[in-house]
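Below you'll find the structures, each written out as structure tokens.
Two complexes follow with chain A in common, the first pairing it with chain B and the second with chain C.
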Partner chain A sequence: MNKEIFSYIDSKPSMVNKTGSLHGKSISIQPNMSVRGWPTEAGSRALERFAALEDATVVENLRTAGVTIKGSTHMSELGFGLIGDTAAQAVATGEVDVALVTDSMGEARIAASSKNLFGFKPSFGIISRYGLIGLIPSMECYGIVANTPLEITIVLEAIAGTDDRDYSMPEEVIPDFGRLEDIKTLGTCGVVAECVDMLEPSQSKAFSAALSRLDENGMAIQEVSLKDFDLFRVAHNVIGSVEASSSCGKYDSVRYGHRAQSARNWNEMYIKSRAESFGLLVKTYLFQGAYYQFEDYGTFENACRIRAQLVREMEALYETIDVLILPTRRKNDTIYDTHSIDDVYDVFDLTLPANMTGQPAIHIPGSFFGRETDPGLQFMAPRLGDMRLLSVADHLMKVREGDI
Partner chain B sequence: MINGERSNCGQLNLYDVGRDVTVKGWVDALRDHGEVLFIHLRDRSGIIQVVFSPEFSPAKICERATLLRNEFCITVTGRVAKRSEGTENPHIETGQIEIMVTDLLILSRSETLPFPISEKAMVVGASVGSVESVNEDLRLQYRYLDLRRPSMQENFIKRHRIIKSIRDYLDEQGFIEAETPILTKSTPEGARDYLVPSRVYPQHFYALPQSPQLFKQLLMVSGFERYYQLARCFRDEDLRPNRQPEFTQLDIEASFIDEEYIYELVEELTVRMFKIGNIMLSRPFPRMTYWEAINSTGSDRPDLRFGLRFVEATDLFKNTTYGIFKQILYRGGCIKGINIKGQSDKLSKNVLQNEYAKQIVPGFGAKGMTWMRVIDDELESNIVQFFSEDEQKGIVKRFEAEHGDVIIMIADPSHEVVTTVLGLLRLHIAERLGLIPGDTYCPVWITDFPLFEATEEGIISNHHPFTAPDRTDFDPGDNENLLTLLSRSYDLVINGEELGGGSIRINNKDLQRRIFQALGLSDSEVEEKFGFFINAFNYGVPPHGGLALGMDRVIAMILGTSSIREVITFPKNRSAHCPLTQAPSPVSREQLMELGLLDLAGETVIPGGEKERDMVDHLSWVSRIGINEGERQHIVDAMKETARLANIINERVRDEEPIFSVTTVTNRVRKEPQAVRNPLAEKGEIFRNAPAVKGEFFKVASILE
Partner chain C sequence: MDYEAVIGLEIHTQLNSETKMFCSCPNRPGDEPNRNTCPICLWMPGTIPKFSDQVLEKATLAAMALNCEIQKHNAFDQKVYYYPDLPKGFQLSQFHKPLAKNGWLEIMTEDGVPKKIGIRQVHMEEDVAKLIHETEGRTPISLVDFNRAGTPLIEIVSEPDIRSPYEAMEYIKALRTQIRYVGSADCSMEQGTMRVDANISIRPKGSDQFNTKVEVKNMNSIHNVGDAIAYEINRQMGRLSAGESIVLHTRLWDPEKSITAPMRGKFEGPCIPDPSVPQIVISDEWLENIRSQLPEMPGRKVERFVREYGLPHDEGVLMSMEKDLSEYFEAVVQEGISPRTAVHWIASQLMPAMRERNQTLSNTPVSSDRLTELIAMLERDEINAKSAKDVMLKLFETDERPDVIVKKYGFKQVSDMNELEVLVDTILSANPDAVDDFKNGVAKAMGFLIGQAMQASQGKANPKLIRDILMTKLG
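Coming up: the complex of A and B.
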């Protein structure tokens, strides 16, 4: 069982800090999050036999917080989609309390949704990515999957914070995380009409029912419009593939990773090694990126313009509402079974807006409403509104459990 | 009046004095002394002075003679006379005699000349116009006039003699001269082909031969045993000053022979050819292996007319504290030098440091040059203080240095850089100091070339794929090992110029197949390119080998001309253009139509699939990601998607939006004030994940380019 869930289990966990906020809790990471000496292959032959030489900042912080890092779960190649990913399974089966998941399109939320768990994507730039081997730098962050918003909160508190070693972190003061607010009023919640239109009738019905429950529990529902919502997916594909193509340039088979046999010269060594290093899905994505990079750079720039516009439009929505609510997903059966780029984007097209805009988002388990066709509920807040989201989620969980 | 008897101008002499003769030729020069007119009359054999004077020429003839101008073609009759004392002309063979003209016939007139043709002064000490200053294209445009010049005619007469000596000698040795096709099949090996379109098979092409290589080997299969040909060869190569798109090659091939036979045959042939230019070569020619040549002169076509041989010095510095050498040796480099004997007067500190070390050597591609002047028993240099006493003594001993010598050394991590740069320096210094003796000819055979050469595209044949290797126990998949194979080939080099080369060929089908494998050619590629040739290997191939000499070069060297164009009747200029015929030239639409070449550049590309395949191949190359079997269709499909996404993006973008970026510009800048060496690199830990390591370096494919 363990081997099906874990790609690596730490046989002698290092000394843990018994006074830390997470003492007694266990966590799983993924094999693209560096722990010195651990196999760190990121699910790809491009990192074949790679063992990290240093700890990621997040790993250092987790150790300080006293959590036991149990091991690495299986992951998709370089974290692109969820094929073979077992992070949510590790939490669902009780192997660990919390799982960290590389989130570049909504992986934590979608994985959580498949196992009735909470899945959280924090604001961009509040957790150091030093030591995280990524694919799409401007979209990705550590996502957190857990049974409760409280657990997510204390993990977030432990790992968030500035880090000089991560040059991509904005120069800003990161607010204090860790204390859930006592929610007095759920405030106003915006529903993006264009998202609801994307749902099947049965899903749409379930989503409406969920909205009614929220309404009953004191949340004001307001319909809002984001005409360009369909562009999130398109722009993510263009920008994401270009960044992937660029960041995969480092896999040259010289310093680490897989080296093909019998190359006649350097170019052949690169071409053959890289032919064998990437799986078809990632490779296809890299070719898409190479196309924009080398043949049509203007489109990449225009996609970045569209991204700026979408960020601006999303922020404008929060002038009249407190949080946004979206369905989490449209597809149930293909989450772990994506074979083309289109398949992948079909799974994540409702979660990737948060990755595009850098805003926090949380998936609240569908079982909350007890419906199988339930598309799940996803809340989004303005950037750095992480605690507001987690508090809302905590409040709603208490409502479900009858505590409130 | 004029009978059929014709004398040759250059062959008349004092014995002919008093005879009546008729000569025919061209007016080389005129000298008008009022009533008396002197003319140099020139034919192929030489020049004779003819004199028109009222004393012995009829008035009508004198009058006609006033019409004469340079290069008129005329017939003259008269009596041979000894010139009067003091009027002899030492510039011409017939300077002691002249012809007193009694009759003149103008056969053909000439326009004013574009440049002077006459090369012989009519009086002692007078100068003649030199053709050196004439634009070469003008000479080539009027090549028929240029070739009238006696010196040019001399070149071609000698060329004829040399060619004839080849035919005579090879005939003596039992060789058969045979011709091979000019219209042949394009082979993708070697240089670019000149193509000739076929009318009968539209859009199919013949190629002009780059050499008769395959045919001459087939003639060996045919049992000709000894064959030669003065073959015209064609290569569409990049232009170089001393290169012609077509050239003549003496092509020799023989069966049941070995290298020694070739050396014997070609040395004797070379001696005979050079003798025609009054150059005596002594036999046997010395031999050097490729690596000997490289390690002692830095060139595989060494100029052995002077010394300045390399001295190996790497081991002298194995414990050195001199930082630059230490670094280079640590990186596996080498150090070689030259002792320039007794030249310290001419090579001052200033010349060595400011000219050579700072300008010339970096221009040759090395980082720097170490120099030392030997003054008494001491080394003098800008860096000599960095060398220990032992090292200094070692240098003096190894280089056999004496007072007045100058030692130069090149050190570099790359052996190739050291030998190449030192080789160029060797030539530069020899030239500068006048160390190259004139009229000296130093032939040498260069042997044992590496069979293969490493390039960016992979392993290629150094010579051609039919060259026999020195051993047959190699693994065609093991590149490192393949690069250690030597070939049974040989080059004939004289005075730093490669005049020709050849090899013993493979006559075993299995061996040939493994060579093709080593070159990365699949069976189907081999079949397509060389199928007809390989087939012949099924029918009893004799052991054979041969050689080809570049005749234009050989003749230019024997005659000492400034370029090979001086020994080619109608050469192309340096731009591969013929100023005389204006070839190459456009052709008529009708000709193109007939050949089916009109729509070649048109929109005949099949729309859709093919173009996208090309795009995928291009992206595969620029992003250095190979495509495995079965993957291509997915990627082609994804390419269609990229175009669709691009359309959506570009239709809906608003130009006024800024380009989004997650970080501010300042954040992309490293915060440390200066670069810091990563401790993981310092401890060598970065090698722990490397697929291949050699010492303290990442190991990679052996060939960069």
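Coming up: the complex of A and C.
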């Protein structure tokens, strides 16, 4: 198996449950998802030599479902951006059927869009995060990349559900996942005008063409406005960096992780080790978060208020429409090549609203309409509307293949 | 100029829940180091804290005992700081939305006047790990014990209503009594389950402004708190009269030298809402359920003891300050022992004997029914007071019933008149001088003769009957 794709390959796969819903399928995880005894370094020297002490709940659930967990792909440092990420490649090259991707800004959708795959971000709080070594707890979840919505659906069914180890999951009845609806009508779809305005003319043209195809296939397209759309990016940047700064406070190089030599006392050891552990991009993000924490707390509070306001505005939109449609991305060549925080946010500024609001979102590959370079189609639905999205995606795939 | 002190206390107390605050590890910090740990309280990557319902109940009961308003929505924040006792980089605490606000406690001032001390807020927070500094050869090393990491604390912040060291000590005692009563915490400064920090400033008497305060830490008894505050008030007055100003800082109490000394500047980190512990939403129903668990609190109990049992006020207070003691007292009284006799035996005999043996009511073998039986035998004249005391000491040594002890060790009182008359005759003929003294009007000679008779009977004679016989024979 390919070492360019996998950071760790399970040489002795454990016995799989042959009666599970995922028996015969293979999946890749990332090295920040805990499997007892596996190297779990999350792409960072800060976790050098760290091996997970116990299985993540998701890993337990995958094993119950009978899937073969082939190994861990490569990931960017602590999952910030997609530099060096090989999850979508693992699916595209046929190494695995499905890849799990840590999704805190839209990583699953963007990675999928780079390889003509489906990328799905589930509703926040329906999959246990226990065992996920995260960076931005309030935004992140397990994203799923696969060739078909059906595969995403059966994986979602296997891993979603309440977990008494994850107290952060809302107390609510999680709908029955796993059954795709037979779509009779595609319903009303809201197109966010402000997003379309962000596209280059050529991208805009491709996006319009895609909307026409949807229209021809019976989806009522309606333009909606989210005038504060640009605030998603700003607020995510502030809140995300503050949470990241807190999350990374535990990397002190005492019990695991890279430890600097030649420190004279513990304080110096912390400082030198952390300086040597984090890469420049993550370090910049952590510094920014610490700045808001220590020096400009008011801005953080404002960002939280703006986030709450944006959630309300988004929810109000769904009063008149069934799903939202947005382009997935407007940058094509820099997805895996980001050098600054701005670069990263340029890649994800159309996908991060779903992470900010906890809503589900799916990327439907651009090749659907025969254009490799178009901005892709991204559908969003209200929280817990996951099956609606997957059903729409499944329906559109059947349309493409001439099944309908 | 006349100055007055303005004092506010911040009290941390460790809740006595079964488990830690965010995992199922036992809440026993004193066990062998690092025994009570798991990935969650070792703060390992990938873990998610799971807030304990029992901690919420204990904290809420404590806040109710302090007359606080429970906040229906409260939440945890991350208090960020970096130190080896907190390898997570932040402590889960409640800053923006505390559990409870606006409470009070009533104390008696030095002048015997009742006074209410306001309580600004009560909030929950996790304790950090414990550092142990040792040397390996000549190298100093620091060890980290995670048994304490994640154990539950509440912090009780008073209003700056306290005006003297005495009031501060009374406030701490009242607070301890209330919290122990609801069974939420042990509140022992000596054992380290209660820590008191004092914020002290002074101002001209009658002024209502707040001046720069100094925080004093590291007191390990209630008396220490009083001494440290008194020292700090004097120090500040000395400063002001020397024309110097007070600077905001933290000082440590040195119990050996009885002084406070400045400590290194403390780093105050920010507090951001924790994204992983969901906001706590308290329903009316839940709150009513907790309220129904509140026991009769000492303030009410004193009144009832005075009213129902006819105790003097101070005895009522004595019998109600600790919940288990009040229950012990009532158990004895309910078996028909007179309340005053019960108070006498518990306070003057049982308690000192328990203290000598380092026992408490929870682990003493002298249960209320054994003590009751003993007092009942005394009241039935089956044993005399002297023997009763001896029997009580035996109760500590064996688990036999008092009547068995009395028989086995021959404590039974001798009340047989013939036997006693023979005894008295022996005493009279052996002590002719005392007999003469008595006949010449020396009253205390009677006491001497009774004492001789008691001694001869090895303390078992009925002293009342001895006296009667002596009076008849010498009459």
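As a working rule, the second predicted complex is superposed on the first by the 401 of 404 C-alpha atoms of A that agree within 3 Å, B and C clash if a C-alpha of one lies under 4 Å from a C-alpha of the other, contacts with A are read in each partner's own complex, and residues count from 1 in each chain.
Keep in mind that, in the parts below, contacts are C-beta pairs under 8 Å (C-beta built on N, C-alpha and C of every residue); 3 or more make two chains touch, one makes a residue touch a chain.
Predicted model only: the values in this text are computed from it and were never measured.
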**Request:** Using the superposition on chain A, decide if chain B and chain C clash or fit.
**Result:** clash
**Request:** Using the touch definition from the top, say if A:E243 reaches chain B (first), chain C (second), both or neither.
**Result:** second
**Request:** For A:I133, decide between first (touching chain B), second (touching chain C), both and neither.
**Result:** second
**Prompt:** In the superposed arrangement, does chain B or chain C reach more residues of chain A?
**Reply:** B
**Message:** Quick one: is A:R305 in contact with chain B, with chain C, with both, or with neither? Answer first, second, both or neither.
**Reply:** first
**Asked** Touching A:S34 in the superposition: chain B (first), chain C (second), both, neither?
**Response** second
**Message:** Applying the document's definition of touch, where does A:K331 land relative to chain B and chain C: first, second, both, or neither?
**Reply:** neither
**Request:** Kindly classify A:Y297 by the partners it touches after superposition: chain B alone (first), chain C alone (second), both, or neither?
**Result:** second
**Item:** Which superposed partner A:R400 touches (first chain B, second chain C, both, neither)
**Value:** neither
**Item:** Contacts of A:R213 with chain B and chain C, given as first, second, both or neither
**Value:** neither
**Which superposed partner A:E268 touches (first chain B, second chain C, both, neither)** = first
**Doubly contacted chain A residues - partners chain C and chain B** = 50, 53-54, 137-138, 164, 167-168, 170, 249, 254-255, 266, 270, 293-294, 304
**Message:** So in the complex, the part of chain B that touches chain A is made up of which residues?
**Reply:** 454-459, 477, 479, 520, 615-616, 618-628, 631, 634-635, 637-639, 641-642, 645-646, 648-650, 652-655, 657-664, 666-671, 680, 685-686, 688-692, 698, 700-705
**chain B-facing residues of chain A, complex** = 49-51, 53-54, 124-125, 137-138, 164, 167-171, 228, 231, 234-235, 237-238, 241, 245, 249, 253-259, 262-272, 274-276, 278, 280, 283-288, 290-296, 298-299, 301-309, 311, 340-342, 358
**Request:** Sort out for me which residues of chain A touch chain C in the complex.
**Result:** 32, 34, 40, 42, 47, 50, 52-54, 56, 129-133, 137-138, 164-168, 170, 242-243, 246, 248-250, 252, 254-255, 266, 270, 293-294, 297, 300, 304
**Asked** What residues on chain C touch chain A, complex-wise?
**Response** 39, 43-51, 78, 80, 82, 84, 87-90, 142, 269-270, 272-273, 275-278
